[in-house]
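You will see two complexes here that share subunit A, one where it goes with subunit B and one where it goes with subunit C.
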Partner chain A sequence: MLELVGLNAGYGAIQIVWDVSLTVRPGEVVALVGRNGAGKSTTLKAIVGLAQVFSGSIRVGGRSLVGRPTALMASYGIGYVPQERELCANLSVEENLLVPIYARRLPRKRLGAIYERFSRLKERRNQKAGSLSGGERKLLAFARILLLDPAVLLVDEPVEGLMPAVVAEVGGLIRQLCAGGTGVLLVEQDVGLIRRTADRAYLMSRGRIEASVREIGQRELAQFLGI
Partner chain B sequence: MVRSGGRERATTAVVVLALLCPLALPDFYLYTAADLIIWALLAISLDVLLGYAGLPSFGQAAFFGVPAYTIGIVVSRGGPLTLAILAAIAALLVIAMAVGYFATKTGGVGYIVVTMLASFSLFQLALVWTGLTGGENGLYLPRASSLAVLRVRAQYLVVAGLGSAVLWASRRLARSGYGLALAAVKSNERRCRALGYNVERIKLQVTLVSAGIAGIAGILYALVERALAPDLLGPGLSTEVVIWVLLGGAQTLVGPIMGAALFVTLKQVLNTFESYPLVLGLLFVAVVTWAPAGLIALRPPGRRRRRSPGGPRPSPPETGLG
Partner chain C sequence: MNWRSFWESELMEYVTVQLTYGLVVGTTIALTALGLTLIFGVMHIVNLSHGEFFMIGAYCAWAADQVLHNFWGSVLVAAVGSALLGGLLIMAFQRRLADAGPLRWALLTLGLGYVLREVVQLIFGTDFKLIDAPLKGTLPWIGGIYRLVVAGLSVALIVFAMWFLNRTRYGVLIRAVAGNREATAIAGVSPLAVYGWVSVISAGLAGVAGALMLPVTSAYPSMGLEIMVAAFAVVVVGGMGNIRGALVASLVAGELEALLTLVLQPNLAILLVMTLFMAVLVVRREGTLWLW
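And then the complex of A and B:
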């Protein structure tokens, strides 16, 4: 279980996240919803050590993550799919998938399981990641994290700029993951995706959690996001 | 990463030719060929760092000159050659650890600055610490403490054998999982961290590997050439190595060998002309302009790859030099 208590975080002297507390249980999809600049992405970055934690606690399975280097997050069971779809653009699809396998010394056969799940990636295994479409890149970013079999998955705006068919595919993928016991913290502004995939949501504004909602109403969400 | 069959054949051809040369060439050319192999090793050392890991070292001469000078200092004071080689390895390890630690700690442009400063500082030190280094006059290794005790052919075989072994090992490294980690770190450092790589450790390790290759070249240089001057540590040679790598084609191993051979040969042929640096400079500018991926990417007109009119152009390998 991921548990944040009284988290204050930011970059250098600038505080972005104020007193944020939230939990993500195993097999649960929790959405973190808010307008641009609300502090959602910074919250995720603080969890994986890419933003500075000023105070508060971050725990996964009882283990504190504060002050731990980002390189250790994968070994603590944290998977992070950033907003920027950060791939190694000069490497092929297969080489991108081999990077976490070598990093964590995982069995290579996991690659076969990933190709079974993502047949499109198998077709493009020798293609440079930089030449993939936006949707394929997102699938590759997911596939690479899934190789690590994370206990908690942090996903930052996974469907931004993607076609509706790919949005549905990504949504289905997230639901499949949580059915397997992975807890997912989803930062998203797509009201449809949030309603289809999230079990509950935290509404975030100006770096603070404004409310925690169990029933996610489309109208309330749209109103909160200013759509 | 290098995968094409053409480059595979080119590499094999270079190694075979290097080993066969002693059978056909007279001693003078053998001596020149051994010299070129030593410079090629220095070029390979930078290609591992710059081409494969994207770490722009402008101080490669430090890793070359320090072990060379250490051997010179020990043997010129009557020390045995074995002790001199051990001392050279120890000195290289110390300097590589120190430079690697601070260069990777600062990162980015800092890597350039730290490596360049190391090279410049050691060059100045070699100039002013005349009691130890001989200053501007440098050091000269006695014949008995060098490879000169061997025949020229035997000397060549030692250099060619070591050179081939280093090239083979570098290719193995580039194609291994570790080579993939280097390529991934070069491509996207932050992402590699999130996937579980200790990026700083990888950078330090590859700096040490690169320094090790440059150090082998430096030790061979001292044992073959026997004359050591401060230039072997300086920013001039450090910058020249960068030119060799970019001229031949980074991230190919064979390209930098070609670049070093071409540049050094042209320098020797043209140095009777006063303005030869200008010619070499223009050559470098021409290659960077018309063959940004280096000479190795040039193909004979009949062997150009066909591509569709709207198809993507082949891009030069990233070097980390912007």
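And then the complex of A and C:
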């Protein structure tokens, strides 16, 4: 289980996240919803060590993540799919998938399982990741994190600018993961995707959690997001 | 003089001997530039002290040869010595200056280079340290056998380095950090560890180049500064961080310098090559990156 208590975080002297507390249990998808600049992405970055934690606690499976380097997150069972720059564009598709395998000394046969799941990636295995379409890039980003078999997956706006078919594919993937016991913290502004995938949501505004909602109503969400 | 008599003339032999020397100079610059461009590409640092590891390699080889009386063993000692020293120094600064801007790094490594030069001068003095080439004799049209061996070894090392970067697990991880440090860290790779490997490899390559050049040029305190000017120029002209570009530019620089030495004084030849490289940068600000 991922648990944030009283998290204050930001970059340098600038505080962006104020007193954020939330939990993500195994097998549930929790959405973190808010307008641009609400502090959602910074919350995710603080969890994985890419933003500075000023105070508060971040624990996964009872172990504190505060002050741990990003490279150790995979060993703590944390996977993170950022919104942008999620891949090594200079490497081929296969080399991108080999990075977690080499880093964590995983068996190479996991690559075969990933290719079975994402046949499009197999077709493009020798292609540079930088030349993939937006949807393929996102699938590759998911695939390389799935190789690490994370207990908690943090996903930052995975479907922004993608075609509806890819949005549905990503949504299906997130539900599959949660069915397998992975807890997912999903930062998203796509109301449809949130309603289809999330079990509950935290509404975030100006760096603070404003409310925690169990029933995610379309109208309320749209109103909160100002759509 | 007709074409056949020109081809068989002494002048033509002189030209081919110079071409071989150009290959030696070019591959030596390439070995040094490879490390420089690797550090820039992966760590985004312009390491202005890099040439000093070339100089330290030469002095290490000279000192080791005084004890071991075995040149090839001394080259190995020089490679390990310069690699460890380079790795330790760069990583010590990296820990303190993880997010320092390029200007601070440039000033820091400039100062480090000065200190290393002065320390070597204090220990070894200012006189030239020379040892005999381990392979004697000359070949017609080519020149000294040792020079040919240096060129061959340098090419082999460059090919090995390219294979290492493109075909091994460590190579993939190095290129991954170069491409996207954060995405690689998320996948479980420590960028700091990769920076350590890159620092060691870069300094080691420069050290080997310096050690191999010891019987050709001898060791002297300012040799690092001279190779650094050439290596920096080829890295910039080849396209910053672009290994293939740096290698081609190194060979062009070496051959041009060697051929111009046929008709000009050596200093003037180097000056002309550097002027040509500056002209390339004036015409194309990104160097020759567009070619690769």
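Just so we're on the same page, the second predicted complex is superposed on the first by the 226 of 227 C-alpha atoms of A that agree within 3 Å, B and C clash if a C-alpha of one lies under 4 Å from a C-alpha of the other, contacts with A are read in each partner's own complex, and residues count from 1 in each chain.
Going forward, a residue touches a chain if its C-beta (ideal position, glycine included) is under 8 Å from a C-beta of that chain, and two chains touch if they have at least 3 such contacts.
These numbers were taken from a predicted model, which means no experiment stands behind them.
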| request: Using the overlay on subunit A, decide if subunit B and subunit C clash or can fit next to each other. | output: clash
| Regarding the shared-chain residue A:C178, is it in contact with subunit B (first), subunit C (second), both, or neither? | neither
| query | With the two structures laid over each other on chain A, which partner does A:S131 touch: subunit B (first), subunit C (second), both, or neither? | reply | first
| Which partner does A:N90 reach: the first (subunit B), the second (subunit C), both, or neither? | both
| field | Common ground on subunit A, meaning residues reached by subunit C in one complex and by subunit B in the other | value | 48, 50, 69-75, 80, 82, 86-91, 95-96, 98-100, 102-104, 144, 148
| message | With touch defined as at the start, can you tell me which subunit A residues reach subunit B in the complex? | response | 48, 50, 69-75, 80, 82, 86-91, 95-96, 98-100, 102-104, 131, 144, 148
| said: Residue numbers of subunit A touching subunit C in their complex, please. | reply: 48, 50, 69-75, 79-80, 82, 85-91, 95-96, 98-100, 102-104, 144-145, 148
| request: Report the residues of subunit C in contact with subunit A in the complex, numbered from low to high. | output: 169, 172-173, 175-176, 178-180, 182-192
| request: Going by the contact rule at the top, pick out the subunit B residues touching subunit A in the complex. | output: 1, 177-178, 180-181, 183-184, 186-188, 190-199, 312, 318
